[in-house]
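Heads up, the next two complexes both have chain A, just with different partners, chain B and then chain C.
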Partner chain A sequence: MSNIAGKAYAMNVITPIRWYKVWINRLIFKIALSKPSTLKGLVTLSLIHYARWVIIPRDGFPHLDSSQPKENLNYAYMLFFSNFNGSWDQYVDSFTFAIPAGLDLFWKWNVRYPKSVPLSPFHKYIRHNQIDTSHYYNAYPMAASNDVKSAKKLKQALINFNAESASKTSEEFLADYNRLLNYLQHDFGEMRATPIVSLAAHAVKERYLKSHAAH
Partner chain B sequence: MTQNLELTDIQGNIVKAYGAFNFTKARYLFLRIDNGDKGREFVGAVTTKVTSAVRWEKNSMPVATTNIGFTFSGLQALELPTASLMGFPEEFVMGMKGRKDILGDDGPSDPMYWDKIWQETVHIWLSINGQSIEAVDERYQWILKQIEASDGGVTLLTGHRGEKDEDNLPYQDASVLYDAEGKPTPKEHFGYTDGIGDAVFEGQTNIQARVLGRGKLTRSGHWEPLATGEFLLGHVDEAMDYPQTAPTPKLLAHNGTYMVYRKLHENVGSFNRFLDEQSKVFPGSKELLAAKFSGRWRDNGAPVVNAPDDASKAEWDKNYAAADFAGQKKMLIDFTYNDDIDGAKCPISAHIRRINPRGSLEYGVKDAYERPGALVDRRRILRRGLPYGKVKDPTRDDGNHGIIFMALNADIKRQFEFVQQQWINYANDFKEGNDKEVLLGNHDAKNPGKVVFQVEKGSGKAPHFVNNIPRLIEARGGDYFFIPSITALKMIAGGIVDPT
Partner chain C sequence: MATKSGNATALTVLSPIKNGIMDDLSFADITRERCLRLPIHEKSPIARVPNTYLARLFVLDDVVYESLPGSDSVFNFSDITSFFSDTARKDALPRKDRLQSKYLVFSSNFYGDLDAYLTGVWEKWAYDDYGIQRDVRYIWEHCVAFDQVNDCSDFIGYIKKCQLDASLFFNGSTDDSLQEQLKSLYLKQEFTRFVVAHQGKSAAEIQQDFKEFVKRVQPENLNGPSWQPGQSMP
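Presenting the complex of A and B:
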């Protein structure tokens, strides 16, 4: 089991919501999506790869086979699914400090939601309802979300520069090159291994590597 | 909200930076407890001399102070009840050596190479700050007597490196540095002016005059003191919560806090060579380059964000000379990076910007967060500490000189360790990937780091790359200590801690 793969952490939180209040949450999601400014805090928190909230109605859980027992659920559920960079604490803390009102708006109608401030009841609520990740595949474990954004920007800028600079004089080339560096000055961060997010998760990985090296 | 702190109960080093009160000398002792009963008696004896946070009037200022703290194993040796011990946080239980992978203490900073004393089990930290070396020594002699009187209860540990190649000193001395005329200065060994910025929290005295640039930034651009609970257990913190790092019973934790002690060696030769070499390719003076490393000019501490080149520095100096005392303070400390989000003035990798980004993690997105410092206000620390040693040959790294760095905070993991790991040795929050902070980063000799000094966006100018950064600072020892209140000290000494 690990919630961590390289620089990314996968968080799944599933919280009950009274089925007859689901429409309120749906409405709030709709408004938030139609007014991007409500999400600017979330977007500015650059440690987030993405975050998604989904309502699963009482009868909406998959029933894959007739052999799977039917469930009779009392609640609808809100699934919160997020991948982010850094530790659980860093993420949950950033959320509460940066966008407490937004969190309260999204979770307000969920059963026993304590509000995001003060912090420890909120911590307990999230941890209690978190489903730990059993399998987590990350194609670019060394890349944080910011690294991906920078790499994409850098690649495109280089392709363009290459196409445009071929026939230029050396003075023009130099001026263009400096402009290119200026344009990319926030995208040159080195990409190396992750700082250790959790000593426990790190030890799990080390043990795994050791036992596989031995075989 | 105003808060009156119980100043008679709080250890003085938490609320005061003694350095600001003319305490130019300090001596740090580390002890092992060999016997619980006698050890507690020793703690009781020292407690009578422990300096509280009570305000000093001119004529009531002591010539020497004493403060005390314990490692987790120290509290075990003092036989605190298991239920109390179990309330301490993981990082404190593990101690600094156990956290080396978090702190980035690798290569020459590996605990393997620390001063010999750190190969021992350290239980007690005792500090003496003095107005003179004589005052320090007098208090030291008094402590030696208490150790002797403990009759084998406690042992003063030896193993500090010293000036003359000793490796077995019984204490670590620290002192301000002096100028050529023998006057005390606020300098450290790289030549920077230090001790300007320090967090201010609710309940400290004279808040109004001190809060500028040192408290937390409000939405309207003002400064307010940080919540007391960021620095003292048992008080409400910035999350409207009581610090979760407090052990039980309440009285054991209340008015106490945690301290990080770190002996940081400064590679002065490498620094000088690096600065010389880099300044050959830097568009600006050598002093400007040095200023960009730290975020402040070396000579007088002028913030680079308000004096970003040689011409504006000359202007700043003129205004500074013309300002009165309060005006000068304000010029030194009351600034943000909000008009320099891109880092063209103060590089994003500069020491003080990485460590206290003020409102800049909002990236200029207006009202993105609840408060401009939403990602910063829970990462603040109180700095206490002094330089140690002398630089005998500025072209060399070896010897024994650096900073005894001490940080106080309610939550070592959330405050000190976070800054050290995420903001010094890593930079995702700054969108600079794995680039490390210039001065403190654990730069790797085989794979030397670089940072980018940004320039005006859209100016067509190339940013400046600082390459091949050597390891400038090396850890030489340290640990995590619990700094109890005076009430708690008496409870520990009396063996009456009862978490029921």
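Presenting the complex of A and C:
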């Protein structure tokens, strides 16, 4: 199991939803898509790289060949995949505290969803429906989602500064340089391998270092 | 369809695994073991697939039964009726579903077009499996009808048959290509170090060193010095 790749955590949650309520969920997602302001709450959770919701109708599981038995399900299923930074508790709790109403709107049509407040039943629900990842790949294990965003700002500022100020007199250069540092003060930060966030992740890292040494 | 958000695509693939066993192991367990054995970070085969931001593999053995007590109003009401008969309460319990196949789940967040991406998966996915070179076919080998996949266009067709559309895809990142993101992260790392190392130095010295710094890091050259995909050590 490897739900962790560097600073990112992969969450997979699968929950049943009554087939005759699927259209309500789809409609809510559609509205959320067409009105980006409805996703404002998610944007404030800047620890998220990417997240998705996929609804599989009762007859929607891929069927490829006559040798494959057909599914015979009572419920449709909703898959939720998220890529975020930090620990499981931090993530689940930040959802509860930041966007409880939005969360309930997305999940309340699911069977036995307990609502996001209070916390303990919600934790139990997510843990009960979560499936571990076997292999998780992250293109930048040392970076958090906020690092990716701040790096974009830093790159542009650096390019502009170089074009405008590199050839000025030393004093003018220094004044511009200090202004640049002031502008970027929230965007600096050296990135390193993540500290131990769980013993499982630590074990994966040890194994990785061993295989590194072996080859 | 919400599978795209800006330039990012959410690929969700559920490939059914054959029901059966080989050498006392089910095909699903063999597939799971192969996923677990994949090398991680920069050595992951996915690191070679262009434009992959984040991706995962796991085996969906079954759906989950909602056995936990819920706050269902019908269920609570049936608690009262159970004074006369248990039928209503039993009927209010969630039904139990069982999947007929286990599924290999591949979920990827990547930059750009699906066909170009899947071409990259087919052509670039390669890794060292404790001394043996493997390609993408090794992971999907025991999936239903995968034996009919012989070339790249078969593979693209196969994955599309297993693909599910996202109802909502949230892109919390920058919507730039991976190459652009990696270059930006590299610059953030290097410029942070430069700034720390030049605290309190004279204007002339900072200016001179900055020129050399720019020459070294080449901020606008995406093919110049950068982080490698999956790079896990500074």
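Simple rule for what comes next: the second predicted complex is superposed on the first by the 190 of 215 C-alpha atoms of A that agree within 3 Å, B and C clash if a C-alpha of one lies under 4 Å from a C-alpha of the other, contacts with A are read in each partner's own complex, and residues count from 1 in each chain.
The working rule: a residue touches a chain if its C-beta (ideal position, glycine included) is under 8 Å from a C-beta of that chain, and two chains touch if they have at least 3 such contacts.
Remember, it's a predicted structure, so these values are computed and weren't measured experimentally.
With the C-alpha superposition on chain A as described, chain C and chain B fit side by side in the combined arrangement. Once the two complexes are laid over each other on the shared chain, residue contacts for A:159 go to chain C alone; chain B is not touched.
Once the two complexes are overlaid on the shared chain, A:188 sits against chain B and chain C alike.
Within the superposed three-chain model, A:33 lies in touch with chain C and out of touch with chain B [touch as defined at top]. Applying the stated contact rule after C-alpha superposition, one finds that A:63 touches chain C and leaves chain B untouched. Which of chain B and chain C touches more residues of chain A is settled by the count: it is C. Of the two partner chains, chain B and chain C are each touched by A:147. In the superposed model, A:131 makes contact with chain C only, not with chain B.
Residue contacts after overlaying the shared chain place A:118 against chain B, while chain C stays out of touching range. In the superposed model, A:20 makes contact with neither chain B nor chain C.
With chain A used as the common frame, chain B approaches chain C to a shortest CA-CA distance of 6 Å. Comparing which residues of chain A touch chain B with which touch chain C, the overlap comprises 43, 46, 147, 150, 177, 181, 188-193.
Interface of chain A with chain B (complex): residues 7, 40-41, 43-44, 46-47, 85-86, 89-90, 93-94, 96-101, 117-120, 144, 146-147, 150, 175, 177-179, 181-182, 185-186, 188-193, 195-196, 199, 202. Contact residues on chain A toward chain C in their complex (touch as defined above): 1-2, 5-6, 8, 10, 12, 14-16, 25-26, 29-30, 32-33, 39, 42-43, 45-46, 48-56, 60-65, 67-75, 77, 79, 81, 83, 111-115, 121, 124-125, 128-129, 131-143, 145, 147-152, 154-155, 158-159, 162, 166, 170-171, 173-174, 177, 181, 187-193, 204, 208, 211-212, 215. Partner chain A is touched in their complex by these residues of chain C: 2, 8, 10, 12, 14-16, 18-19, 32, 35-36, 38-41, 43-44, 46-47, 52-60, 63-64, 66-72, 94-97, 99-101, 103, 105, 107, 109, 128, 130, 144-145, 158, 161-174, 176, 178, 180-185, 187-189, 191-193, 195-196, 202-204, 206-207, 210-211, 214, 219-220, 227, 229-234.
Interface residues of chain B, counted against chain A in their complex, comprise 101-102, 104, 238-241, 244, 342, 362-363, 365, 367-371, 374-375, 377-378, 413-414, 418, 421-422, 425-429, 431-435, 449-450, 452, 454-455, 457-463, 465.
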